[in-house]
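What follows is a group of structures, each given as structure tokens.
In the two complexes that follow, subunit A is the common piece, with subunit B as its partner first and subunit C second.
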Partner chain A sequence: MQRNTLRNWSLLLGATVALAFPVASSAQLTKYDLEKTLNTEAHVGNLTGHAKDGAADYRRYCVGCHGELGDGNGENAVWIDPKPRNFQLGVFKCRSTPTGTLPTDEDLFDSIARGFDRSNMPQWSNLTKQERVDLVAWIKHFSPRYISDKAGTPIQIAPEPAVTPERIKAGRDVFARVQCWKCHGVLGQADGPSASTLTDDLGRVILPFNFHEGARPKCGDTDQDIYRIFMTGLDGTPMPSYADNIKPDEAWDLVFYLRTLMSQKSKEKDMAKTLGLKPVDPNAPAGQQ
Partner chain B sequence: MSKRFTAVLSMVVLVCCAALILGQRVNAAGEGKITGTVKLDGAAPHMKGIDMSKDPYCSKAHASDPAHMEQVVTGAGGGLANVVLYLSEGYSGSPTVSTAIPVFDQKNCMYTPHVLAMDVSQTFKVVTSDQTTHNIHPNPNPMTGNVGWNQSQPPGAAPVEKSWKAPEVIPVKCNIHPWMNGWFVVVKGPYATTDADGKYTINNVPPGSYTVTAWQETYDKTTQKVTVAAGASATADFTFKAK
Partner chain C sequence: MHVSSSSSLRKPFPSLLSLVLFLGFVVLACTPSANALPAFARKYGLRCSACHESWPMLNYFGQKFKDNGYQLMNDRDSPIWQNPGYWPVTFRIIPLWHRVSTGKVPIDTYSGGAISGSQIQKITSSGFDLSGLDFHTGGTLEKNFSFYVLPSSDATASFHFETVMARLDNLFGSSWLNLKLGKFELDNLLSEKRILTLTGNGGIYQLYHFTPVGDGNIFGQMGDNQLGLEVMGHSWNDRTRYSAALLSSNDGNVGLPYGNAYTGFFAASQAFDAGKLGVQRVGFYAMAGEAPTYWLTQGGALFGGANGTGPAAIGNKSFSREGFVGQFYFGQHVDLQVVTQHGEDSAWFGQGYGDLIDGVAGSNNVPGTTLPAGSQNPTWNGVLLEPHYIYSPQLIFIGRYETIRMSQQANGSGYAGPAGPSASNLGNISTYTIGYRYNPFMTSRAGFAWHNEYNWLHQDGTGPLVGLNNTNINTSELLLGFDFDF
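Take a look at the complex of A and B:
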């Protein structure tokens, strides 16, 4: 009888505590929550990844930064910038899918191998494909988004046309029209008028990509990767999706123009030089470059 | 004698009560409404002016009418604008009441309205009236079930149509114009937003007893118990203390 009363009181106390901290309890997943998703799978090509099989590699290679619970709070996290990804949120920069949707398993698989230039995330191309797909399953098991949502449908990338001086010039007009320069600067030097005010979704200072300094874009540096970056946007950052406002043909023009801003040698750069192409004029009225 | 009187009296009371209850049942389909005014008690804090000189299009649009921040906007008699009122307890009807499509406009580099209320699953529309590029970037807490997105809207861009899954107060911003801050307030069931003078009307309220919550971006929430009779209009005025 007495024990029952005590139990009732402790239940009541427990309920009160739970009610008092609903935010704390829903904002952070526990080990107990994560046990429910241990059967998560990942599929890339004909490979199937199993979360449980990725656990050991995660503990060996990833936990130091991304943390045991995948919340990006590993013991090294305080020392590094950009901060490690919080997998619990299920928000990823490098996707082939539209803004606001989950990436495909292949997107995560590629990100692991590619690493992220100018960050502490190295290229894990030394891992076997099976190890990587198991890690993808383990990464997915951290986020409740993977219970309720499926990956988005990848955006279509039109076949790449041949580079011509006309296309480079047209690309400059797209750069002016959608105002990439507001953040990236007219020369792509990350010095646009809004560049110094940018923050990511967690309120941390973030810089726009600087085309000029020889860096590789974080989500890949093939022409297709660059096309994908501005069409899908980089979720969690200020970079929006332009899928609704740049047509596939214009997108290729823009890719070619962006190559002219990069410091790496390219045929686009040579063509722009021959053309004597000038940077966009931020003060020109809309449509009059 | 007195015993019989008590018995008769209690019978009368019982019959009256039954009639009253039955009468209400008969009219239960008639929806009522809740109206009132939300006021600020005390002087409204100073709203900082906005320096839009980094984008000449924006600063030109405000050349004769300087823009100010909008965390606290008051009108006639201290009425508070942009307060969202909704039924936080006691409502068990459909979570999506309104079929209207609320519009969130980017106009002169400001959000109009500053606060857009809507139901879960209700479609809303983001449009741009500006000749400068905006990016519309709501930032919900992913743990609520809502998922953020980030879309560009260059001059002349088509509207963006979206909806939210779960009730939440979601901040929305434009990264290109860092002063642009607004709110999507997603609720379940009937809701209203106060006008420039703090007045509001929540329509389509079924008869019953409710907790009405008033949300304001700076002063957070305050609640009140309100009972709505069938087809009738109940009044609930709210006051936030100025800080």
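Take a look at the complex of A and C:
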């Protein structure tokens, strides 16, 4: 009788270890872990969001892609490209904060309403502002980064200067100097020599933005949004921050030049046409575009 | 919410019905997720709950998706982004059990094996049954070009086209200009085609189909899909929306045998952000038109005119329906849908002229016809209140109260026809519906609901004659079913 009891305990212990090992070897959070952060808050303007209040909307709208645990493994994830965001990692593309830092609550709040073109993330503009800020709190509660780190300080965006032909030409020089063309291609058609080699931080194939297709840039399509994208970088992707390589004045020049590559009508495009502006020449000596 | 086995045994089940409900719940709670791929969910990878308050009723996001021409506006709406094997089709059917009870039905009485007379009795029947079958197919043909085709059958698989329409969206780059042509549902914010209830009387909105007793106008039924052209527009976030439709006055029936008459339907609404309460919406609708009261031909020849008004007359008579619509949310669990209506038909319809489609009209309008003295336009007012309690996206409790009150009868106090003046309450309706829908799983692949509902309807003066007066009539229906689509 005693021997049988001992054997049963051994089997139970073995089974427990066998089952526990894969869980322990993974960094994935469990529901138990997430219960500790249910008091997470988010603040946007005068609104305060509470994680618990965002749970129902998350379950209704988001869970199919982002998963119960916010790990991007909802039942649809396998069918979706690009893949849903893994909120547990606390890494976000669209931020107003420097590369490597957490986004502000407002960044996440705006992303929910804006959606992401060319992805399965729609614009959730049907939600009230309160519902969105509650969802931001719920999203934050998935990531341990929000326990240890604070959101970064938003970068300063210099006042936008007037567009001139000289600035557009100068923007082309910046495009050549920091080698945007290597990924985005000389015409902005996402066909640069490095385009086919790109992967994100999780090793998944990723494509550079195609300026020519008419899609909205993922993180917003105002001039300020575009400026912000290359000054903060898109964390988790091969798109780095150029804050250390491009001065604010040059950044505006680059914004104006990028507008000439887009299919949408713009005054920059008209000026480039008048100028007879040619695409960058990758083989031209530095500073001689 | 675990219930111990000992506690569940404390009380015996009060009835067989309780046992059926309990067993149904247990079976459904154990049902595994399906792996089907219904149309829009398969395309976009969103769960049913993203677009539906409870399937099939749309929520705000689903309404926005529909208003955008079945597009998420994420630049992936065109079918060229889909696997070439993708075909946006979904079918829906409901196997069910129901029990229908109708009060005051005249039945034969027997004496000595022979019919000796008749008496009025309540009749109750029950049994297993099927709903009709719907094949929904819809989506985008290209960015900003969309369609919807819905062959629909009755329970005997006799099919008709319930919806056939093509739509152009965002004309001139503006969300305020979208065009729809074909047979489609009118822009009713509280959609009867997406109703959450299934019984014979509870499965429709009485307000959308009401006609006074003896009225021959079947053309003003807002709940029926109609043939026509609709222009609609909305703000980018769908907070503000409007629609204007020009419809053939033929109640959605194809062909042109019913004369040349048109109806207009206009609707507009505005939504407001109410913080934690949710987004509230208020709006109104108006339907006004004319419908024929006689055939265009008579005896194979063109009809010569009507009512002594000359050969140009086409016998069209007018009708109108208008009302207020409100969608009020009280947090994430409770909402209230409200529709009101004031309706009016021409006195000609009130006297039974006009229903040329199914031939039920008492008589057709012929030259020289005049209405009996005291004939007047029947008018009525109604209200529909539908509260929901959404425990979770998988479980919703539904209630509904509708009442319609005649404010003016077709046969007025001085009516000189053989039927005499009508009682002021003739045709008044009150109906209550309660029910719940439980979805044992919620994925982006298929829809399945355990549906249980009870409806009770009361109408004044439409029962059999007792003495000189028609009696009031009550009907009720209990329904249990599996509502699924794939």
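Following the convention adopted for this analysis, the second predicted complex is superposed on the first by the 263 of 289 C-alpha atoms of A that agree within 3 Å, B and C clash if a C-alpha of one lies under 4 Å from a C-alpha of the other, contacts with A are read in each partner's own complex, and residues count from 1 in each chain.
What we mean here is this: a residue touches a chain if its C-beta (ideal position, glycine included) is under 8 Å from a C-beta of that chain, and two chains touch if they have at least 3 such contacts.
Nothing here was measured: the structure is a model prediction, and the numbers come from that model.
Engineer: Tell me the contact category for A:Gln123 with respect to subunit B and subunit C: first, second, both or neither.
Structural biologist: The answer is second: A:Gln123 touches subunit C but not subunit B.
Engineer: State whether A:Arg145 touches subunit B only (first), subunit C only (second), both chains, or neither.
Structural biologist: It touches subunit B, and subunit C stays clear.
Engineer: Is A:Gly90 in contact with subunit B, with subunit C, with both, or with neither (first, second, both, neither)?
Structural biologist: first
Engineer: First (subunit B), second (subunit C), both or neither: which does A:Ala56 touch?
Structural biologist: Touch partner of A:Ala56: subunit C, not subunit B.
Engineer: Now for A:Thr164: first (subunit B), second (subunit C), both, or neither, which partner does it touch?
Structural biologist: neither
Engineer: Touch test for A:Cys65: subunit B only (first), subunit C only (second), both, or neither?
Structural biologist: second
Engineer: Contact-wise, after the overlay, does A:Thr222 reach subunit B, subunit C, both or neither (first, second, both, neither)?
Structural biologist: Neither partner.
Engineer: Considering the complex alone, what residue numbers of subunit A touch subunit B?
Structural biologist: 26-27, 88-91, 99-101, 144-145, 148-149, 177-179, 182-183, 193-194, 197-199, 201, 233, 235-242, 244-245, 283, 286
Engineer: Can you list the subunit B residues touching subunit A in their complex?
Structural biologist: Per the touch definition, subunit B meets subunit A at residues 54-56, 131-133, 135-137, 139, 141-145, 147-155, 157-158, 160, 175-178.
Engineer: Could you list, by residue number, the parts of subunit A that touch subunit C in their complex?
Structural biologist: Against subunit C, subunit A makes touches at 53, 56-57, 59-61, 63-65, 75-76, 79-80, 115-131, 214-216.
Engineer: Taking the touch rule as given, give the residues of subunit C at its contact with subunit A in the complex, in rising order.
Structural biologist: 44-47, 49-50, 59-61, 64, 72-76, 236-238, 273-276, 278-279, 332, 392-393, 443-445
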